[in-house]
Every structure is written in C-alpha cells, then in structure tokens.
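Two complexes are shown next, each including chain A; its partner changes from chain B in the first to chain C in the second.
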Partner chain A sequence: MFELGPIFRALLRQKVGAVLIALQIALTLSIMVNAIFMMQNRSTLMARPSGLDEANLFYLSNTVFAQNYPHQAALQDDLRLIRSIPGVLDATQINAIPLSGGGWSMSLQKKAGEGEDGTGVAVYMVDEHGINTLGVELIQGENFQNTDIRWRAASAVDWPERTIISQAMAEALFPGNWQSALGQTVYINNNEPMQITGIIKTLQAPWNGWDGVERSMLVPYQLEGRNSRYMIRTEPGRRDELMPIVEKALAESDKNRIIRGVQSLEQTRADSYRSHNALNRILLLVIVVLTLITAFGIVGLAMFSINRRKRQIGTRRALGATQLQVMRYFMLENLLITSLGVLIGVAAAIGLNIWLVSQFELKPLEPALLLTGVIALYLVGQLAVLYPARKAASIAPATATRSV
Partner chain B sequence: MLAYYLRLALISIRQSPGLSLLMVLAIGLGIGAAMTTVTVNYLMSANPIPHKSDQLFYVQLDSWDPHQAANENGDPPDQLTYRDATALLAAKKAYRQVIQAQIGTVVEPEGKDSLPFQVSGRANSADFFAMFDVPFLYGGAWSEAADTEQQHVVVLSQSLNERLFGGKDSVGQKVKMAGDYYQVVGVMANWQPRPRFYDVTTGAFNEVEELFVPYSLLAEPKISRNGNTNCWKPSGEGYPAFLNSECVWTQMWVELRNDNEKQQYLDFLNAYASEQKKLGRFSRPLNNRLSDVMQWLENQQVVTEDANLMMVMSLMFLLVCLLNTIGLLLAKFLSKAPQIGLRQALGASRQHLFAQYLTEAGCIGLAGGLLGLLLAWLGLQGVTLLYGDNMKGLAELDWVMVLLAMGLALLSSLVAGLYPTWRACTVQPSQQLKSQ
Partner chain C sequence: MLKMKQLGKVFHTGEVSTHALREVDLQVNEGDFVSVTGPSGSGKTTFLNIAGLLEVATSGEFLLDGDNVNLLSDSKRSKMRNQKIGFIFQGFNLIPELNLFDNVDVPLRYRGFDAKERKRRIEQQLELVGLASRMKHLPSQLSGGQQQRVAIARALATSPRFLLADEPTGNLDSQMAQSVMALLEDINRQGTTIIMVTHDHGLAQRAKRQIFIKDGRVSELTAVEGLHSAGLERVTPLHAHTVTDAARQLGV
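For the complex of A and B:
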C-alpha cells in the first residue's frame, strides 16, 4: 500500500542522508518545543496584572538637600499642589513603586512573639488617597481615614494600628478563608499588633521575580525623610501631557529640593520585564531561523536524491507511474524520515527539558505542546519537500531511454 | 598544492552556487548565534582584576536569625552588620581591609546659576583604592587618619570632576554636599571594572559611583545610604540603635597574600564569632566565609541564568546548522562521484582527493565564519537594543572573540566535511567509469 515497502528499502540504501535529516528534525523539535515553552512561561508572568491603573499613573522622586527643612508642611503643600492641577485625579506619597524592583518588605505573623511563623509581605506606605491614586479595588472593609495617617520619622520602628492587605496576603495568612482576615489582628516586628481593616483585590509587590509577588499591604504612614516619591494618577489619556507640568510646578514651588526620575508606570513595567521580553524575542527568532534552516536542509537533500535517481524516476514514469504517484513517493519518503526524526525528537525534547529543569529554574514540559511541535514539524517537512517532489514529477519518461 | 586545491574548491563552489550559499548561510547563522551568546557570557564572566583576584576575599559572617538561615542554601548573609564590619576593620588582621556601602547624595555646586544635582556615591574605608588598584588622575586616596577622625574628604570620579571643576586638578578644592563642605583629596582616572565586582549586591554591571567618602561618616545619619538593608530582628528606635542592630548593609573585602594568611584570617573570623556568641549573638553554627573574587561572582550568579540559557540554546542551534552542512556537503561531494572516479583513474591519490575536498569544506567554513562575524555583530547590536543599559559594555566583540569565531567556523566546517570527504574518497573508479 502506498509503496511504503519500496520507499523504506530505498531509504535503507542511502541511510546517512536520511539519518542526517532525521537528526536535524529531532534537534529542531527539541529546541523548538522547549523554547516555546519558555516563552509561554514568561508571557504568563508578564501578563499578571499589577492591580494598578497603569496607563494613567506616573511617579517622581523628591530629594531634599536643604538643612532644617519643614518636611511635614512641605509634603502637605506638595500634595495639595499636585491634586489641584487640572487633569490630575489624585496623588499620594508612597515609599515604593510596584514593579520597580526596589521596595520594603516585612513579615506578618498571626501569633505574637519571636520564632513564630511569619509571612513575607511588601509594604506600601500611603495616605487615605492611596487606594484611589493607585486605582486598586477595595473588596472588603474600608479605606483609611485622614485621622489614621501617622508620621513616620526617618528611623522610627513602630507601626500604625491599621492595615489594608491584598487578597493574596489574606489567603496566605488564612488559607481557604481569606474573607475571615478582615478585622483580625496580626503582628509585625514579632510583637506589634496591627488590625486588618480592609482587603484589596490585587496589588503586586515591587519584585516581579519574588514568589510572593501578589502579597502586599498598605500602611497609613507618611514619611519624613530626605527622599520621597509621589505617585500621581491622571484622567485617562492625559498622563504624558501632565508629566512635565507636574514636574515643573513642583520644581518651581520649592527650591530646596530636586525633583527627578519622573517616570510613567508603563515605562516601569517595560523596564521591569525587559529581560523577559528580550529573551522571548530572541527565542522567537531562534525558532524561526531554525525551522527555515531545517526546511532548506530538507529541500537540499531531497533535490540531491532526486537528481541521483533521475533515471529510475524516468523509468517509473515510462512504465506508467503518474506524476502524482511520483510526487506521492517523495512526500511519503519525507513522512517516513520525519517520523524517525520526531520519534528521536520527542525523546530528546523530554531529555533536554529534564536537563534544563535541573540546571535552570524551569518547569516540566506540557505534553500538548510537544504534540503541537510534532504536527508543526510534519507540516514543515511536507511543505519543504513539495518543491523537490514537483520537480521529480516533472521528469520526462524519455529520460529513462537516455544514458546520463 | 594548496593554491591548486583552493582553485578547484572555488570552481566547485561556483558550479553549485545555491547549495554553497545554503551551506555558508547555515554555518554563518550558527556561528553568529553562538558568538552572540558566547560573547555576552564571556564578558559577564570576565575576571575584573586578574592579577590579584585570588588575593581579594569577600567576608561573610553568619550573624543571622537562629531560627532560619539567611539564604535557602544555608549561605550566610551577603553583607555584614555595622558593628561587626567596624570591629573587623579596627582589628586590622588582614594585609588590607575595606568596609563599604553605597550612598546617594545631593551635590550643591557653587555659583548662582548651577542647580544642585543627585549623585551616586560610596562610603568606604581608605584601603579601597589600594586594594582595587583604582587609578588616579590627580591626588590620591585619603589617609587612615581621615577614616578614624571622620574627616570630610572626598575622591571624585573623572566625570564628576569634569562637571564640577571643568576637568582641572581640583585637589584641595571644596565640594558642598548635604550642607557640609568636603575637601577633594583625589580625582580618579576613568575606572570601570566589569563586572563591578567590589559591590555586586547593588548590580554587578552598574557604573562605578561618582564620589567616594570615608565610611566612618556613616556614624551620623547625614548621608543617605542607597544599598540593600536586611534585618532579621527589629532594630530599636533612633539611629544609634540602628547602627547597633542586627541589620546587615555593609560589605567587606580583605586582601590576603597567601594561603597561610587566608587560614589565619579565617581562624580570626571564627574566634571573633565565638567571642560574639558569649555576648548572646551569632546563635547559628559557625559559618563564616572567605570567597575570592571569582568565587564570589559565581556565588552571586553574576552570569545571569538567562545568559546561560541562551548560550545552551545557541550552541544547540549551531549543532543543527552543522548537521545541515554535513548533509549538504555529502550531497554535493557524492554528486561528484563520476569526476572523482575519473581523477582517481588518472592517478590522483586518495590523500590528494581528501585534502582537496577538505579544503573546499574549509573555504565554505571560512566564508560562513565571516558571515557569522557579521551576524554576531548584528546580534550584539540587537541584544543591546533589547536589553538597554543592562547590557552596557557586555555586547562588544574583541579580538579574542573574532579569532574564536573564525576558529570555530573553520573547525566546525572541517568536522562537518570529514564524513562527506571520506565518502567521496571511497568512490570506486571502475564503477564510475563504467557508467559513463
């Protein structure tokens, strides 16, 4: 049926060429599948929402250099100034920027005392405008009141009485029953009690590579240091227009400090995931070029074997084989070679994956992806052999009668 | 003879331009990809201070939480507490020693029109400059006395000196920072070790800081620190309590000239830890480390995982390209069987044929290598574009890499050519001549 027997026997007579193609297909499959898998993993990471209204947020740094500076009054003036600028929805002082890579982490524990189990959490210090400025969704409890906000001196170690935590943090503290976190008292710094007065849906920590990246807490603190950051939320679409305006307004209102590092949160996200993005693009390029190389290799070797078998093909045609049958011969031949390659390739892909998992922080491969890769390579093989096969089919039967 | 082989190779390559081009392309792409990633890895894993990297040691003390190790793998914390760092510095048990932390400060230039600006800096003890072979344009390091007396002195980078003093010799001049005047004692010449090994905790490939002041000035909270601070135990209220706390934020390096000195210093560290145990600190088992420069860079994974991953992928890619080349060369050489038969019949020896076809493979390899170099250069531009500042200075070809690329291309093409050439040489002349 379909001349599989003769094709197979013919292949055995020129093993090396076939094996070379099969090996190429095998390697291509294993690289391709693993590369796509890595790309998928990274894309999933990048797709996680930060919980913020990223498109309309920007922030800046305020560095005070003057001595004897009235920090508290100046902060209130600054915030009032920013909030009064038309187009600005809200603004808050904040100690760390989500996705930026730099921030503050603490540990919360359900029981007071040293040596008790704690859960790591990212700390964001904001005022009562924090939730509205960041654009995070409060799903339980209530926002901070103006009266909750406390001043934090540069080396203070105590903490306010209230906190709002992310749902993921609530789930980590109270597994299976995150709603019950509301109203509970937890301990920070081993012994200091804080009451959970609100839960927000999503707010990512500043470190995107941290396994607890979804765990965060808001604390009603205003900072009294020489370096502080303001987060500003604008009306949709007005961010880029307002960035220089706010910077200029602040710089001119007070000459005892430097306003710098004005950056949109979208830029911060791009920087934060830059290496992931870059690796994905490089891997994509590798896959495309690799597939092309393999395809051209198939074309080249098929052309060669057809050239060598010109007379046999002519003879077959003279004996009554149709053009379609000749084409089918070479397509089937390629199918056999690809099958061998795919067989080795699946094993190699799994082997490579096992090795990669042992060497790098990667997860094991998904079978569905492997199947997709196999199908893709069969397609590539058939497409690549199409042109040589048509060439073969067009060999005239008369060739058989000529010598050379 | 070689000239003759080269001519034959050229003729043969011209006879089948498509196939030859395909081979050159395959080798070129493989070499290009491999060289791009190898270059990045090579620059990331470079030894930044080769002549004494085995004499500089990073100091780690395990002062961490008795209930939990500082790192999952059991390593001690990667920085020291202020009290331990200052105590070890004062003990002066090593040939040279430096303690340091990153700072950020605002410089207020003189003159009405000049605006204050933020600079990155480092607070370090005096040996820093001698230990790390910092080159000076003007002046030099401050003295040990400046450390102990908390003198307001500063060493500027060449670029900051350019900005503040127009590049003139500024030794003796004053710079105003955070309300205080600092006297310039030295101006560094351009210095950018890669990786910036002396402090990888704040980024192994960041720029060298713009100014350097004595570490002892950190005893007052006037200068703000920029680096990482990690605490396992809450510190008390106020700055003195913070300095005395278990928070780690200082790095220490020592210079030890031989194994003997190293052993003595390790003994000293262990004795110090044991003494602290008596004071109720260092409750963990003894776990103090001295790592030389290359060990420390390895421990801190300065060559990123992504870079390694890409190198593995690109070397496999090169392998596919080579398989491709073997197949194509095989096809090409075997199609020449009639010609080979004829030449053999006319007296060409197998050695001659072997040399000739290997020459042809080598020519294709060299052409592929040249293409590969071009592609590697393009690839590195692409990497710089994609990664931005993270790759600054890490994506540049040097002579070693160019030679490596050409060598790799030649070697791979010869390896790829071996089997096809052997097959070509085993052609039976009688059979070929018969079928003519």
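For the complex of A and C:
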C-alpha cells in the first residue's frame, strides 16, 4: 500500500531541503529542454543538404605571380590536365565555394527597373562542367553549352544571357509555381536580362547563416585573373588519394603560379558549422553538468535525510516494514519532490521558450520534447535516490532500540 | 507461544567476540506478563530484540507459534513482526513529522489494511489511550506520558499477540510511569502477552513473571505475587526454573 499521503504531509513539515531540490529540478528541466531545443535547431540547420557531392569534392586555389601570363590558355590547360588524371570525374573553375563563408551575391528581379523588388541570390560562375563537377541535380531545362561560356575580366560588370537557378530561387521568384521559372527572363543589375535555362534541385550559398541559403544561381562565366579556384570531383572514395596528386600535377605543370589551399568540401562544411558544433557541445555539457548536479543534490539530500532518520527507519522496520517498503518510501518521497520540480520546471521551460522564440525567431518548443525532459528528470531522480534508498533499507530494525 | 532453546547471541567486533546472550531456555505462554530486569549491558535489549525478531540469534532455536524464526527470510520476519508483535520503545520512537493519526497508521499500512479499516483501528486505539481528540496533533505537542500512550496505541493497532516493551516508563516521571503501567496491565488482562524490559524493580514486580539477565544468562525469579513480600528483590539471581525452586531457596 502506498504512503503518498503521509509522505507528502511529512515533507510539508520539513520542506526547505525538498523545495530547494525541487527548484533545482525545475531549473534543470527548463534549461535542459530549451538547450536540447536549441541543439535540435542547430542540428537541423547543419543537416540541410548542400546539394553537392560533398564526399568526393575538393578544391584548391591557383595564384599566378608571373607577368604577361596567358590566363585563358593556362586555365584551359589546367582543367584539361586535372580531368585527365585517373580517378578525377570532372573539374571546373568556380568563383566561390559553397558553405565557405565567402562568395558573390546579386539580386534578381522579374521586372527591369531600379525601383523593382529583387530577390537575393548567391552567384556561382562555372563552365559547362559545373553541374557535373558539383554533383548537383538538374531537374528542369538544360546545362550550359561550351558556346555559352564567356570570359569575365576582373573589372567586368556585364552578365551573360543565360542562367541556371536553384529550385528555392525559382520558388522565391515564382511562389507556388517554381516550375514556371524555366524559360522566364529575369533581370540582374536592375536592367540586364537573363533567361532561366535550367533549374537545379539544391545548391547552397556560401553563407550558412543566410536565410536564403538555398537560393543560388549558376552563370556561364570563366574568370580571367591572377587568382582562381578549381573545384574537382573524384570517383567515390578516391578524394583523399587524389588531393595531393592533383596539387602536385598542377604545381609541376607550370612554375609561374602557386597552388595552395587544397581542401575537401567536407572540411569546409565542418569549418562552416564549427561554431554551431561547438555551441551544441557546450549546451550538451551544460545539460550533463546540470543533470549531474541535480542528481548529486538528490543523493545528498536523501543521504542527509536518511542519516537524520536512522532511528525512524529502524522503527518502521520494527513495526513491520520490509526492506522493499523502506526503499519504496524514499523513492516515493523523491517522486513527490521531482513532481513539484517538474511542475515548476514545465512552466519555466515554456516561459523561457517563449522568450527564446521572440528573441531569436525560433520555432516553438514541441510538447514531445518537454515530455521527454520530464520523463528524463523523473528517471534521473529515481536513479539518484536508488542508492540512498538501498542504504536506508539496509538499516537494521534493531536500530529502533539502540542508541544511534 | 514463544519458546527459546539454548539460544545464544554473539557480537563480533574485529577480533573481539561479545557473548550478549548465553544458552537461554525460556518459554512465554499466551497471556503472560513477563518483566525483564538486569544491570546495564547485561543483554536485556538483545534479549528483547531477538524476542521481537529485530535481531537473529547466532545459536540455538527460537520458535514463535511453532515457526523457527532463525530460518525465516528478512521479509518474512518483517511480516511476522507486523502481524504478531507490537513494540513500545523507551524513547517512544514516534515519527516527529507525522501527526498522531499518521503515526498509529504506520504499521497498519504495512499490514495492508484498507483506508476504512485503518481509520477504524486508529480511532479505536487512540480512544483507548485517551487521545482521540488530539489525533491531528504532532508528537511534539504532547507530554512524554501522552507520547508513550500514542506509542502504545500504535503497538496495539495491529492487534498483536505479543507486546514487547523496552523500558516503557524509562523517560517518564513516576506518576506517568504508574499510569502507563496500569494501561499495560489492562492490556495484558485482555489477553495480550507482554514482555517488558525495565530497570524499575517496583514495576517489574507487578508482572506475572520476572526474568533477570546478567552476563547474558537468563534466570527466572518468581511467578507469584506472594514472593514479593518475601524479599525476592534482595536475592542473588538464581537459576530457578520453577516457582517451587525459587520458594525453596527463599525458605518460603
């Protein structure tokens, strides 16, 4: 038979310790739930697909220091050389690296004119090998032809006539009917027309914190200048093996430039989300530490209470309590304290979440997460009190008649 | 019926062994009122603890209603304690955070009675000890004598066949001690077997049987009131197992 009533009444008469532990449980619950909520939000951001064949991509920088350098010819030679290396699937020159944090952005508008609304978009300049090299999926229209590719000088301000945009960009330009974007003319630099000749499923921008990170466009440009980047796609599983080979081949083929910054796209992703990962780890640490402190607090209170009540426990045993009934007493007592903590904690967690949502534009807390936190704290409470409860149960009934 | 045969209890502390009880042979029958006296450290409390199933003997046999309790598990001993034995402690051992009602309720919950039956028994017992009107009071709001009465009510609530009292008047003034003793005698008259450890020879002599313990050995002094006046209390404890033996030694 449970003793909830007497346990509750007894707690009311010695409430300071119990209330302090309950408040600690409440604090832990509110912070734990919201920390997990923030971790989930960050994990969701980090899990967004870039649209690229990340596992098999790497890139490098090519910096020319020679004067009167034949940039156009050298670029074509480099790309031919890279593509000829066994294990390389394709390569392209590219102006910006997805997720790297640095890149170009422009604005596309459906109508020409300076006063028209535009939609921000990340710009990737690639040749006809761009789509295959990046591993992005062309879901409508067609790829660039070799004849579409134009050279762009460092000082140029004009734009080619064609573009391939991401589905998210198409949706932003033509809400609810992204398919209709194909063949449409949009305007860049207010008045320069570009025809959308293809739509790719996903291609993330270089900036992971941008709310338009899925909006991107490919333009058929090759850059003419001292600095350029090559993106290289390898056969599956051969990226790490080919990174030094390609670097060496390029370095040896032309001594008038420096090859540097050889890096896999996976590394770029890891770098890009390093702060997110670090924050998630810190939050996890906070949860673990808080939970441990709470558990130790419960153990401490229970042990103190048991030491104080040794004779009382002995008396209960003398009056017929089995060891199991003594254990159950302390576990029920903890259940009541935890319930009070959980009650306050749920209210605090919701309050904190409302504040977080209003401050950081996050989605509201899911009830399932709150429920999980509640269950977790009940488990922590019961596990923490298990050892003290066993200690209490081991108190001999003869303690009732002896000096303690 | 409670029967001890060659019962012994040895406590081991490091390499030191202390014989708390030695070769105890004793039978307590239904309706007995047995007082247990002896000097401090003689083994009285150990005797009471073993009789009350709070401790287990290290040798010999202890039968309670025919069951050899040395062979029972801790859980079964707990249940047997709850069903057959009531305890009264020198320090009352009431639970300070619980009111009188909840204190008396403690053994009843362990017995598994339903709420209605528990309430009936609690009210009945508190009525018996004259504290029914104070059942919502805390022990700290009562005098020592009243607290001991609550302890008696708690001990009797489960209708035990044996009532074990460890210095029940030890913390009371003489007037309250007489009052508690009178209550115990009344309870005994109603059929409950009582074993009472006491330092008070006057109270011990009011029991039907007197046990004396010294150095762990148990002696029974007398079972008849007529011997009190013959100066039994001045007699060196004897290994007198019958009233006749005791009377013969006293020359009565």
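Rule of thumb we're sticking to: the second predicted complex is superposed on the first by the 392 of 404 C-alpha atoms of A that agree within 3 Å, B and C clash if a C-alpha of one lies under 4 Å from a C-alpha of the other, contacts with A are read in each partner's own complex, and residues count from 1 in each chain.
By definition in this document, a residue touches a chain if its C-beta (ideal position, glycine included) is under 8 Å from a C-beta of that chain, and two chains touch if they have at least 3 such contacts.
Nothing here was measured: the structure is a model prediction, and the numbers come from that model.
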Based on the shared chain A superposition, would you classify chain B and chain C as clashing or fitting together? fit
Which of chain B and chain C A:323 touches, first, second, both or neither: second
If we overlay the two complexes on their shared chain A, which of chain B and chain C does A:397 touch? Say first, second, both or neither. second
Per-residue touch tally on chain A - higher for chain B or for chain C: B
Return first, second, both or neither, reflecting whether A:24 touches chain B, chain C, both chains, or no partner chain. first
Of the two partner chains, chain B (first) and chain C (second), which one does A:311 touch, if any: first, second, both, or neither? second
Touching A:252, do we find chain B (first), chain C (second), both, or neither? neither
Go through the superposed model and pick first if A:211 touches only chain B, second if only chain C, both, or neither. neither
Pick one for A:156: touches chain B only (first), chain C only (second), both, or neither. first
Once chain A of both complexes is superposed, is A:3 in touch with chain B (first), chain C (second), both, or neither? second
After lining up the shared chain so the two structures overlap, which partner does A:13 touch, if you call chain B first and chain C second: first, second, both or neither? second
With the superposition applied, I'd like the minimum CA-CA separation between chain B and chain C in Å. 9
Considering only the defined contacts, which chain A positions touch chain C in the complex? 1, 3, 5-6, 9-10, 13-14, 311-312, 315-325, 396-398, 400-402
Of chain A, residues touching chain B in the complex: 16-17, 20-21, 23-24, 27-28, 30-31, 35, 38, 63, 65-67, 114-115, 154-158, 189-190, 225-227, 258, 260, 271, 274-275, 277-279, 281-283, 286, 289-290, 293-294, 296-297, 300-301, 303-305, 307-308, 352, 356, 359-361, 404
Touch list for chain B against partner chain A, complex: 19, 22, 25-26, 29, 33, 67, 104, 106, 108, 115-118, 178-179, 221, 224, 234-239, 241-242, 304-306, 308-310, 312-314, 316-317, 319-321, 323-324, 326-328, 330-332, 334-335, 382-383, 386-388, 390, 419, 423, 435-436
Within their complex, state which residues of chain C touch chain A. 45, 48-49, 52-55, 74-75, 78-79, 81-83, 87, 89-91, 93, 95, 97-99, 102, 105-107, 109-112, 138, 154, 158, 166
